[in-house]
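Per-chain numbering from 1; labels A, B, C, D, E and F assigned in written order.
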Amino acid sequence: MTFANFTKTELKNLFRKPATDKYPNGPASLKESTRGHVSNNMDACVLCSVCQMRCPTGAITVDRKAQTWTIRPFSCIQCRRCVDNCPKKSLSMQKEYTEPDQIKKEQVFDLSDRQKEVLAEQARQAAERAKAALEAGKKKSSE
Amino acid sequence: MSVLSFLILFPFFIAFVLFFLKKDSLVRSFIVFIGAAGELSLSVYFAIDSYLYHDIEMGTFYLSETHDLDMLIAALELCLMLVVFFLAVKYKKYPVMILSALGTIPALYMDLTGKSTTMASHIKVDHLTVIMVLVVGVVGSLICMYAVGYIRDYHRHHKEFRDRSGYFLSLLFAFLGAMMGLISSDNLTWMFFFWEVTSVCSFLLIGYSRTPEAVHNSFRALWMNLLGGCAFMAAIIFCIYVMEITNISQLLVYASLPTVTVFPVAMLAFAALTKSAQMPFSGWLLGAMVAPTPSSALLHSATMVKAGVYLLLRLSPMMCGTYAGTMVAVIGGFTFFAASLLAITVSDGKKVLAYSTVSNLGLITAAAGCGMEEAVWAGIMLLIFHSVTKSMMFMSVGAYENSTGSRDVEDMHGMIVRYPRLAFIMTIGIFGMSVVPMGMCVAKWAALRAFIDSGSVYLTLFLCFGSASTIFYWIKWLGKIFSVSRGSERHKDNVPAVEWIAMYPLAILAMVLCLVYPLISALAVIPYIQNAFSGSVSRLVTAAFESGSAGGEGIIAAISTEDFIIMGVMLICICLLPVAMKMVNSVQERQVLSYMSGFNSGNDRSFYDSHGEEKDQWLSNWYMNGLFGEKRLLPFCLVLSSAFVISMMTVCAIGGLFI
Amino acid sequence: MTEYSMISVIIYLIFAPFIVSILSGVDRIVTARMQGRCGPRLLQPWFDLIKLFSKESTAVNGIQKILVMAHCFFAIFSGAIFFAGGDILLVLFALTMAEVFLILGAYSVNAAYSEIGAQRELLQMMAYEPMTLLTAAGFYLSAGSFRVTDIISGNVPLILKMPGFFIGFCFVLVVKLRKSPFDLATSHHANQEIIKGLTGDLSGPVYGFSLLAELYEEALMLGMAGLFFLTSDRMSIIAVFIAIAVIMFVMSLIDNIFPRVKWETLLKTEWIVTFFAGGGNLIILSLIRK
Amino acid sequence: MAAKRSVIPFGPQHPVLPEPIHIDLVTEDEKVVEAIPSIGFVHRGLEQLVTKKDFGEMVYVAERICGICSFGHGYGYVKTIEHIMGIEPTDRARYIRTMLFELSRMHSHILWLGLMADAFGFESLFMETWKIREKILDMLEAATGGRVIFSIMRIGGLRKDVPDDVMKGFLPELDKVVEGIKACEAAFLSDPAVLGRLKGVGYISKEDAIALGCEGPFLRASGVEHDNRMRGYAAYGDMDFKIITSDEGDSYGRCYVRIHEIYESASIVRQCIEKMPQEGIYVPIKGFPNGEHMTVIEQPRGGACYYVHASGKKFIERMRVRTPTFANIPALAKTLQGCDVADVPILVVTIDPCISCTER
Amino acid sequence: MLDGLEIVELTGLLNNIKAVKTDGFSLMQICATKIDESYEILYTFGKGYDIRNLKTVVREGEHVPSITDMFEAAYLYENEIHDLFGIAVDGINHDYKGTLYRTAEETPFR
Amino acid sequence: MRISKSPWLLHYDGSSCNGCDIEVLASTTPRFDVERFGIVNTGNPKHADIFLCTGGINSQNEDVVRQIYDQMPDPKVVLACGICACDGGIFKDCYNILGGTDTVIPVDVYVPGCAVRPEALIDGVIKALKILDEKAEKMKRGEYKSLTSAEYAEKLKGMKTASDKEKEDENA
């Protein structure tokens, strides 16, 4: 039993630099692996909706008509499931977290023009293939 | 003289009449009213008369030849003894018979042989007498008025007891008369007689309801008081046979010879300790709480217990630095401290008051035992303030009980809204008992100074610790009164008008006294002290004189004019509070619920409990029974104080008789 | 009232809250540093106070508000008597009166935590009052008067005559400055079983009044601590400042190296210290005097 | 005659306990004569999510049963499924899981120490412990990417590898943590003022502790040598550690057990890092689970049971978690009788309540 | 796949549990699972590292006896089962009567 | 004198998983030390300026949250901390979760994160302080009074019926 034995620790602390981070006057302490927010590389996304299906909180909406990929950061629990499951590896986890805000904003990513072309090209090809198949079918049936 | 004898005899007369008016009637109420009002005005008249037309500086003496009266008194004494005998046999409490006989028979003998009178007069009126007459007359009479209304309600609530209210009222008046006799007697035998009358009256009052508890408590009160009576008798015998004196004032002449006076003083002091319910004897006063409230108020606050401290204050010039003085001071200080702790542990309003009475009497006792002028000054002041405030407290508790059926402090929750008028009285009472600038505290202040001056460390310590504890139980009581929950409504109190007639003047008196006490001090208390102490310049007092702080001037200096003005300002501020309350309340603001961990069920009274139901929140005060509980602390205190009293008495007896 | 006392009262009335705010700001920074943190700004306590007065005033009932204001008034009042050089016993009694109003205010809201706080505050008063009264007695014995003006007119600092009283008084200070281990009735750390105790149901300006009163009260308590060091010599004022600085430092250290005790421990500790330190010193002083 | 008892609500909103637990307290002075706890303020009903989220997605829900033992809950659920599906994770996964589990235990125990200090009014001790805890959070973040929710668990192994150099970097940090805790230990276990608040407070005898089904440090503090890690799941079978017990049975004993468990955990983490096997971190899975199983693992607060009932579909039938706090509540209710009001927070904290997982 | 699993009739439940108690086991948990129209109740007991499970099947409307006489701490589990599954449990020593969880949806697992 | 120099904070754990709570608590400890901004963690609604709510709202705690909010004196701000408090998070499909904090009281700042990081919390508080100052300004001019929880419920009802109507229109 030693009386008031915390004195030493306290006095040591008193004459040491405080352990406090500088934030917000300095940088936030983010690690390499920190899961912050999800971002989409719209050059690679094919709007396949796998991420939307996988997201446990339904934070992602893929709108193929408007060609947008939307995330609601105020619903995202940073589980990284979408990132892991994206077939095109277009999603990535950034280490910066979403800024607090007064309203629950959505973040809409428009497909990059290049990718739009790519997709449009793909769609055309797909349509052609479908058409071809259809015609082939017709032929068959007519035959 | 005629005024005085009227003052003593008039209550007896009223008592006699009331004894035969068994039924509650307008006539009876009227007679009580007349009796009380008469006694009150008489005592005031007497005081003025004494000041204007008599020499109260040195004391006015009456009745030096009293053979016939002595015979009458002897006869009455015999009657008293017979009453005690009768009841003792009836309830099979035989030991009290011995005590009664031990006290009465020598008195009879001396009265009959004429030993009890020398040429000295039997009655003496000086400043202290006037003060006491005023206290007893004013407070006591108001209590009698209060009693009329009270006893009626009492019997309405307690159908199980036989209505003997005529007898009750008659006893109250008899008591008043006895007190008047006691405080004006100079002759020890006479004093003894009145002393015994008060003992027996209180005994009868305590046993009023005749429940086993009441009977038991009344006999306890009786034997303790009779034991004191025996000691009183021993002192008388010593005075008459050894010192050949019969009067207190003669005894006081010997003040500078402590070896001579130590025995009678010790014996009288012992008697006073029993009467004032000091520590080993405090039990009877607590037990006396079974009696209807007016008798509690009368016995405990205004009168009977004051007889003890009155005697001590009279004897105080002989106590400074003597063994008897030490005994009294230590017991007083100890009682002050211990009883305040005990008062913390009880929640029955009357019991709190009883303990607080014991405690305050302890302080007065200590002041008397200390024997310094300043201390005596404080003692007398305490006595005055205490009588007024405490009787008011008792009355309001009684009125509350009659209105709600409970006198428990815990049930006084939110009283300020429910019964504002009664709460108002109680608040004044509690403030009066506990905080500056009200009287009690001021007197305590003077006492503290005196105790320090007298160099008695133990008294200083007792006072410091005791007054800290005092605050605790008073303020928690007051807190209960102030705990208001939203939505509680004003109830109609069924307090009869006569009770208000008694309570309002006392409340006003309590406030006024705070403002006029310098006047009382200058007019009565200081002159008395200067006279009383002129013949007895003990060593200690001399020392105090030299340091320039004792004597009349010193006492006033204890509380300077400046301080007095400051206190006046404080008092006025407090009085302005209700007004401020009205003003502030007129400003509208958002009302929020009281905090209940976020689970308030919509009003300030209940929350949702673990079963999702509304549950009433109940808040109770602390009683610290684990620490100072009656079971734990009381036996210890009794043993300690008994041991101390016995050893000190032995020392005094041996010292006084054989050396 | 002499000119001096006039001036000191005015200084007290105007500057005491500000000065004490800074002192407690320093205290908070030192505490934070001891805990390895940066801590708040120096004027933080002052900001807190000002903020409260600009908040909405909500109340549980009207009685509470006036009682708290009365508390504030009497707290300031008792300090004023002290700094005017008045009777120290009267100061203590007036302070008690002020406390009583605060306690009643806490009772008046009929809320569990306020009431627990009120009971504990009462208990604390019961615990420390003997010591404050004894300290007054000590001053009286060693300076021959209860008046502050007389007490400070000696030639030697009274601490030399009254070390026991000083020790006891420091225990009182721990309670009055509401420091751990004795901060039972409210708590200056937000982490205890009662939520700010008896101030728990005050909000906005009303709470502001109680904080203001607390600042004045602290000024008074520190002033009383200063009495132990002040003499007729002007330079002794420096000693007073040093003493107060040391006291404040020791208080924050104590605050940081103790857990909170329970009420029984508080009562017993305070009374035992009072009895031995205060009583012992009292005996010695009485003997010397004879 | 009015009762000299107060009836007061304690919680759900209460400063000493961020946990919304409610207790009806009946007190006499400051003594508690009756205490009826109530829970349910955090009840979300997440066990029913099995009908809405498939068995793989449920891992994320399981991790969020509690943010303090997040890792443990994830592990418990995953292990149960793995058992049902007959999957044996790789050695490296087992070791990393063990390491993370023990780091979580350390952070949880240190957190508890802080709250305990807070409960008896020792603010600077609270600050000191939490200062130390940040080091462990840094390690966890470096390893998993999250400070409190790790999202690293997957059925069949781990979702992400922890690089060896990162783990090596933990070793010196661990020493610092242990050193810091040693300083705090002095205050917790040998300062008379602290002892006054801990010794004899909330005593539970060995027999009672067993009969009431207590768990974890609470149980061990009553002298029962029981630690589910001894069942040898994950890599505990390969580790060298001992069960800490104390015979005090009171709050002091609980402090003692937890402080010494921190040292043990640090040693386990070290062993894991030193013996870390080098191979893949997960085995692929196929199909859906079918069957039922109950896993018992040792969470920081004691044994937790995970019960899964699956019938070969994508959505499992039932998942149930019985958490240690739930098991300790009856004992808490018992210790509260007769304590002081000032001790209520201490007692509530001694079971280290995680109401979140208790109510799910 | 459960350790020491034993399936018992509802009527013999108490006796079986008594036997378990006599063997020195203490209660670990009680939980219910809804299987089609009936409920399985699983009692888990532990002694050291041994585990024993008792399972009983309760049909809609059937009452389950409380085991709080034997295992004091069972009250929380039994209340929970009552609140979430709506299974009536008779004779709980501390019956919250459906207020342990005050849920938006009554007996959500029913 | 700005009110934001002394923001006192009250934290209530709605039905969070504790993850956010310990981060809130961590932000008061040496590493993040929010006392730098004068923030004191009071725990008493009557002293608080900032209400920091973690976790979603369930049917047992909705009244508690409302009551705490109502007991706070104006001006006050509410911070919803963590995804659960923002919109119910991963638990929003649970039968007992009504939604985020904004289902019962008005929220001024949403702080996302699961769990919310202390740094994010600091950012959120700083944002909230600006709002607090604005409210104080308006209050001084008598233009502002915060909604009580009951008024807020009314407002929500109004909003809902409006949007419901739209939906109905669409359907029609």
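Please note the rule applied: a contact is a pair of C-beta atoms (placed from the backbone, for glycine too) under 8 Å apart; a residue touches a chain by one contact, two chains touch by 3 or more.
The shown structure was predicted, so the numbers you read here are calculated from the model rather than taken from an experiment.
Peer 1: Give me the set of chains touching subunit A intersected with the set touching subunit F.
Peer 2: Under the touch definition, subunit A and subunit F have C, D as mutual neighbours.
Peer 1: Using C-alpha centroids, which chain lies at the maximum separation from subunit A?
Peer 2: Computed centres place B farthest from subunit A.
Peer 1: Comparing the two chain pairs, does E-F have more C-beta contacts than A-C, or is it the other way round?
Peer 2: It is A-C, judged by the count of C-beta pairs in contact.
Peer 1: So which chain ends up closest to the centre of the protein, judged by Cα positions averaged per chain?
Peer 2: Of all chains shown, the one whose C-alpha centre lies nearest the global C-alpha mean is C.
Peer 1: On a C-alpha centroid basis, what's the spacing between subunit A and subunit B, in Å?
Peer 2: Spacing between the chain centres: roughly 85 Å.
Peer 1: Taking each chain's centre as the mean position of its Cα atoms, how many Å separate subunit C from subunit E?
Peer 2: Here subunit C and subunit E have centroids separated by 58 Å.
Peer 1: Quick one: subunit A and subunit E, Cα centre-to-centre, how many Å?
Peer 2: That pair's centroid distance is 44 Å.
Peer 1: Just give me the whole-number Å value for how far the CA centre of subunit C lies from that of subunit F.
Peer 2: Distance between chain centres: 37 Å.
Peer 1: Among all residues of subunit C, which ones touch two or more of the remaining chains?
Peer 2: Expected reply: 32, 34-39, 56-58, 112-113, 115, 190-191, 195, 200-201, 203, 256-258.
Peer 1: Multi-chain contacts only, two chains or more: what residues does subunit D have there?
Peer 2: Residues 6, 8-9, 12-16, 30, 38, 40, 43, 45, 48, 53, 60-61, 64, 124-128, 131, 134, 146, 149, 191, 193, 359.
Peer 1: Give the residues of subunit A that touch two or more other chains, as numbers and ranges in rising order.
Peer 2: In subunit A, residues 4, 6, 10, 13, 18-20, 29, 56, 77-79 touch at least two other chains, as defined above.
Peer 1: In the complex of these two chains, what residues of subunit A are touching subunit D?
Peer 2: 1-6, 8-10, 13, 19, 29, 31-35, 54, 56, 77-81, 84, 93
Peer 1: If you look only at subunit A, which of its residues touch subunit C in the complex?
Peer 2: 4, 6-7, 10-11, 13-14, 16, 18-20
Peer 1: Mind listing the subunit F positions that touch subunit D in their complex?
Peer 2: Counting only subunit F, the residues touching subunit D are 11-26, 29-31, 41-45, 55-56, 58, 60-61, 64, 68, 89-91, 93-97, 114-115, 117.
Peer 1: In their shared complex, at which residues does subunit D touch subunit A?
Peer 2: Result: residues 53, 57, 60-61, 64, 124-125, 128, 131, 134, 138, 141-146, 149, 151, 159-160, 183-184, 186-187, 190-193, 195 of subunit D touch subunit A.
Peer 1: Quick check: in the complex, which residue numbers of subunit B touch subunit F?
Peer 2: 590, 592-593, 595, 598-600
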